[in-house]
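You will see chain A twice below: alongside chain B first, and alongside chain C after that.
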Partner chain A sequence: MKTTRREILLFAGGSAVGVLMTPAPWRLITDSALWSENWPGIPRPARGAITAKYTNCALCGAGCAVRARCVAEQPVSLAGVAGHPLSHGALCAYGLAGHHLPYHPARVTGGPVEEAAAAVAAAMDRLGENEHVAVLDLRPGRTASWTYRRAMAAVKNGVYVAADGAAAGLAATNAAIDLWKARTVLSLGVPLLEGWGTPGNVMAARAGFHLIQAEAVESRTAAMADQWLRIKAGSEEALGQGILQALGGQTPVAAAEATGIAEQQFLALASELKQNGPALVVGGARSQSAAQLNEALGALGHTIVARREAPVPDGWKKAAPVVDLASVEDGSIRVLLIDESAPGAYLPWSAVEPKLVRDNPLVVTLGWTREGYGRHAQYLLPTGVYPEVADDIPPAVDSVAAAFRMAVPLVQAPEGVVKPEEWIAKAAGLEMADTLRERADAIHKAGRGTLFTYADGKSVATKDVKIGDFWKALEAGGCWMDQAGPAQRPAAVKAAAGATRQSASLADDLPLVAVLTEAPSSPLLSKIYQESNLKLGPKQVAIHPDEARAAGVEDGARALLETLAGRIGVEVRVDASVPRGAVLVASRAAVLDVCGAGVGAKVVRA
Partner chain B sequence: MALGAGWVGFPYAINQRRPQPVDFSHKVHAEKAGTKCEDCHAFREDGTFAGIPTLDKCSGCHAAAMGTTAAEKNFIDQYVTPSREPQWADYARQPENVFFSHSAHVKRAGMTCESCHGPTGASDSLRPYREDRISGYSADIWKVSGTNHGMKMADCVDCHRSQRMEQSCLDCHK
Partner chain C sequence: MISETKPIHAAKYGMTIDVDRCNGCGACMVACAVENNVPPAHEGATDRKGLTWLRVYKVDNGEEYPDHRTAFVPVMCQQCNRDTPCVHVCPQQAVDLDPATGVVGEMPQRCLGCRYCMAACPYHARYFNWWDPAWPKGMEKTLNPDVTPRMRGVVEKCNFCHGRWHAAKQLAAATGKPAGEPVEYTPACVEACPTGAIRFGDLNNAASEPARAAKQAESFRLLEKLGTETKVYYRSKHEWVREMAHAPRPDQSGKGIARG
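Then we have the complex of A and B:
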């Protein structure tokens, strides 16, 4: 039988029509769609028993208590711990999504660990007489900080540099703020109700004090304050000086002009702070006015008190002293090791770089992202992130008693990451044991304070707990709190050095004053923010329409943000809610390198 | 021929079959040992469903042979004695983006296991697991053996509609 072409075509056509009448093509379409939902790159959450684990959030200095809901040991949601004496059950948006951080797209998980160690050893060998090896610790006060101090004591010309925290204009590391005792709080542009201190503690104490927020923009703190003083951008210091004058019975004419606040209002503010005490003034770390006002208002020893440090083993006390960056001689650091694994105060590179030797300094940074000092360092070594690593969290600025709590690992760190304290100790030739355990044992030996366990919400006197149980409780996310002693004036109170290094320039060539947006962005919400423009992006600035017209830029235009410290390419957003004379910038490392709060700036067309 | 291939050949070819690790008889356990579904497929103390029992549960009764069947002997030799967990294939496994609460359906709505899983509890042996070669899902998602429904989203929605129960995306897709 001969098959004709017509018959073949008829057969093929009939088959095609016939197949369409079967489930095959439709099932293939469905299956292909399902396959595309399940391709190998998509993470698959583990299935298994549901358990609760407790830890402490290490994403900022607050160290809020965290209850993690885990499925098959994998944390799937985080929440606060009700009844906790420090964080009062609160957890911010950043903390709620903290378990997403290990999967952040900017995460660095590999680096030249051995090569960096060899480079550090070689640089230390050729160290000059007046040259230093330095550790810059962005979150001082930890057990790891003590390791760094011991390591720097063990090497030639070692220096331990602590980044200063923002505490009421005071650089004293032993100073704490007692919001519960304050009746009137004047905030000089500090985001007091937006993640400052321990958010849960601030909100719990909020009903007891009258809050006056002095700020150029209507931040969320300004919106929630009892009184918002709408001052000119960058005039916080002038406001403080004016109030000081008013407290002394003088009329602050110059301050009134600089801030845009009427002279009579200065007198009323001074009167309120004086009569409705105890009063407290909260400013940035470099705010001289805040320090002077607190001294004048008698806040020291009342609302600003000395805080003891949690006990440490006696053997650790042979350690390098704590110094701030400003006190390090310019051009003297040959080897700089930076621990930025735990988020803390970021010192702009323009302040760090002058401290390095001119010829071939070595900078090694240990962090989880390239967005910080990794942009300037020869070596970036990857570290674990919360909640992968065990690390203690020093007490927050609003914690009047010492505390010891740990961020307990909830997930395993990837292969190849280093522990900064171990790496630096090894580079310094310092032998290390389990330092967290040693510290816990020293605290237990001192016998002070109470141990709070989250799972049952109970507080037990430390002396009533066995040493093994004490460590077990801390490993299970518990918290040791020192007993608060009598309120004492902090010992080392002084206005932070470099207070006026970058004060607002009103020069004609820098007509704008920078205002930082401080609130951290959650890794969970960052995508939404980026897509919705609800928040300034890393390299975005916002200015008033009049300022945009004057600069010749439009909404969405590329431009340069210039300051005395340098310039950076930015995208301009035109926003009528930004006050004239101000430029709103995101508080991100790349921007902070050239532009701090209150500095003079200008936006020019790129 | 095309119709035959599409209706008979394709459904056969699209699924790959693999036997369960143990020839388990629900019928024997239900009739002779008097066990109920929830004795093995239990709820945890917090109300969550434990799913397929682990070896610990089986070892509680089968540390030594209770009968004379080859299947039981094989199970003890291969899994109980060496403490090796059987790698059961889950006929009803849902995609990762689906949240299903057994507790809400069994304890609150009072549904029986057979409503969704069919007469599995009366089976004398475990049928081979059939996995879609492309999507990787169990064939039971399209049609549960012994029933006239599947376990697709449309099946859930149909049942909820017929029972006049709430239905919103976030009920299942958290």
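Then we have the complex of A and C:
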């Protein structure tokens, strides 16, 4: 057979066309394109020496111990410290992503620092006789808090205001809750298993007590409790009063009506609290019932005990007294300085604003984001954020002994941020040195307690450590713990002053049933509220389908949350697990400003 | 000369999750995202378009109060050991079952984004990158150097923290442990769980906690009837929770409402 040139050309041409009909060339093109792509938009993780550093989380009052995995000095992941006597190795979702906060899109890194200082000095000069300069401290009990108290003692009409700490459940600062001694715990709507106290400690002690959760919605605490009492929204106080009556042998008719709980159940509850002791009742900071029940059940001195404060230098004792906001006269604060660099109990602006003078008050807030009081202040001064700044974390409410631990900086703060403690001290004309070091030296001098070091997990008596080594250990993320003394009754445990404001004119309002307190969060927390429905998002409210129909809103719709104190845009989630006649809100400063405690709210179509 | 092939003692890594201990805090979800360089949500991301290698579902028994009960069920790739559906359907051979670890691996560079594997996965544990991964400015400094970020248009899923397994293997090699021997390591979710609900280990090692827990009467696997022999075991003393495992998805058990 003779092959002609024409046939060769035809074969070649046919093959070329035929190959195009197969996946091979197209696959080759695709793969070449994919495999040669360098994806310039995708960041390349930095490389470097891998080390471990230790610190304490400053995102809430728990102060959990943290081990940071660092790559070239930059923390890339955080974990708890196993064997820690307070936090027991636990770290919550917020703490696990705390190293992202310095890069939060809402971060403020610049502000009129000098201008604010001049304005404060001028306002102090023209202070009237009955007018005050005040510092509002969202996390009292720190070393910085002592500086603020000293600063306020040094200026004319200075007042130091401590946020009362709704999460603490107790108004007395020297009182602590010993969960390990309790056999029955009644929680009046407190999120006991959702970040309350020191979460690791609560979890570790959990097996030892029977938990009764009284709450209108099935929160995570209610779901994990041994018994969930589904009470009517906002009736926690009525429940407490009813149990008090039952303890006294009376039939709580009115309380049964108010809470939706049968009278017989009150008697059973009273009996259980009495017989399965030691018992403990945990309520909000303003809960009169919790205080009265604890008194009646003999909890004081047993499950609620006195706690000494960590020693402070003698020279600091000349300080302004600690007062709460309710005890400050309305219209009396001319200059208000707010330290919100350390997150704590946020007081709604509707509670703060009446305390200011009517004509031209000056409000300066020191924080890292505009989300808080920065929306209301004339000046917002940028501060460092965890884990950029050194700050100590006072012991949590469930810590029966004093403790001193610091949030040790893991990364450097940007240029231009101020240290609130230094700025306020300077404004007050107070000379100050390294206060954390001074405090540590005072603790060492007292010689009490033990020092726990994280890297090796060892405890050593304070008196066996040299003063220089003591400070070095604290700087490396160590923790000093006071020795636990005999359980003593705290000096004064009473509910915080200040009546709960109730909705008066909006008779058809839906009561707020839960305000979830959340720590500042990394953008990665979208995993638990945007990319899944595990939690309510910061701008979301949830209502029952019937209420949604009545309000004319659908799931995912934009709406307004309207209260006596104002209105705010929210996204509605329709959820059959929310009881009828209630609205579930997730807290953030803007929402709290219009909600407060116990204020009725309703959702209206946007 | 005849070369001698040393037998490989393959591991079969698995998990046990005590549903009764899970309190739905979400720490495992966040720790997983931190460890595996999963980016924060895009503005348009929802619970259907998000990237959650591990997702905690809230389920209930559908009863009215006071018989109402709720549980939280963490669900990640169940690491099917037999007839692994995603391996079978992948046209790019981007998914494989590692015989040395029993872990179902995903190679994003091979993935063409057809999402057949997502359709095939009975556990809804695979996620598609709808957007370019993006971190707020500066946050890319916190990325884990042991894990490569994935690009838009590919599928990704839990791989029992492959980066940690590699690091453990390197450490074992550095300490003189024979190559091919199973190594011990802890995935990020296990390390982060504050209640100790998630445990991890080698199912081939009868002394490991998952191997022991898997044999308990209260232990169960999701959709066991499919015969995929998954390596994630759950445990609950409540019968209604165990029944939930037969549903196509924990939140579709036909009982009450569920979120997650």
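The working rule: the second predicted complex is superposed on the first by the 522 of 606 C-alpha atoms of A that agree within 3 Å, B and C clash if a C-alpha of one lies under 4 Å from a C-alpha of the other, contacts with A are read in each partner's own complex, and residues count from 1 in each chain.
Everything that follows uses one rule, which is that a contact is a pair of C-beta atoms (placed from the backbone, for glycine too) under 8 Å apart; a residue touches a chain by one contact, two chains touch by 3 or more.
These numbers come from a predicted model, not from an experiment.
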Which chain, chain B or chain C, ends up touching more residues of chain A in the combined arrangement?
C
Determine, under the contact definition given at the top, whether A:Leu247 touches first (chain B), second (chain C), both, or neither.
neither
Tell me the contact category for A:Gly14 with respect to chain B and chain C: first, second, both or neither.
first
Once the shared chain is lined up, is A:Pro45 touching chain B (first), chain C (second), both, or neither of them?
both
Who does A:Ala90 touch here: chain B (first), chain C (second), both, or neither?
second
Please indicate which partner A:Ala24 is in contact with in the superposed arrangement: first for chain B, second for chain C, both, or neither.
first
So, A:Trp35: does it touch chain B (first), chain C (second), both, or neither?
both
Both chain B and chain C touch chain A at residues 30, 34-35, 37, 42, 45, 47
Per the touch rule, the chain A residues reaching chain B in their complex are 14-19, 21-24, 27-28, 30-32, 34-35, 37-38, 42, 44-45, 47, 49-50
The chain A residues in contact with chain C across the complex are 30, 34-35, 37, 39, 41-43, 45-48, 71, 74-80, 89-93, 96-97, 99-100, 102-105, 193-194, 199-200, 203, 218, 220, 223-224, 228, 230, 522-528, 530-535, 575-577
Residue numbers of chain B touching chain A in their complex, please.
1-3, 5-7, 10-11, 14, 44, 46, 48, 50-51, 95-97, 132, 134-137
Once bound in the complex, which stretches of chain C touch chain A?
23-27, 29-31, 33-35, 37-38, 40-41, 45-47, 49-52, 55-56, 58, 60, 65-66, 68-72, 109, 112, 132-145, 147-151, 188, 191-192, 194-195, 257, 259-260
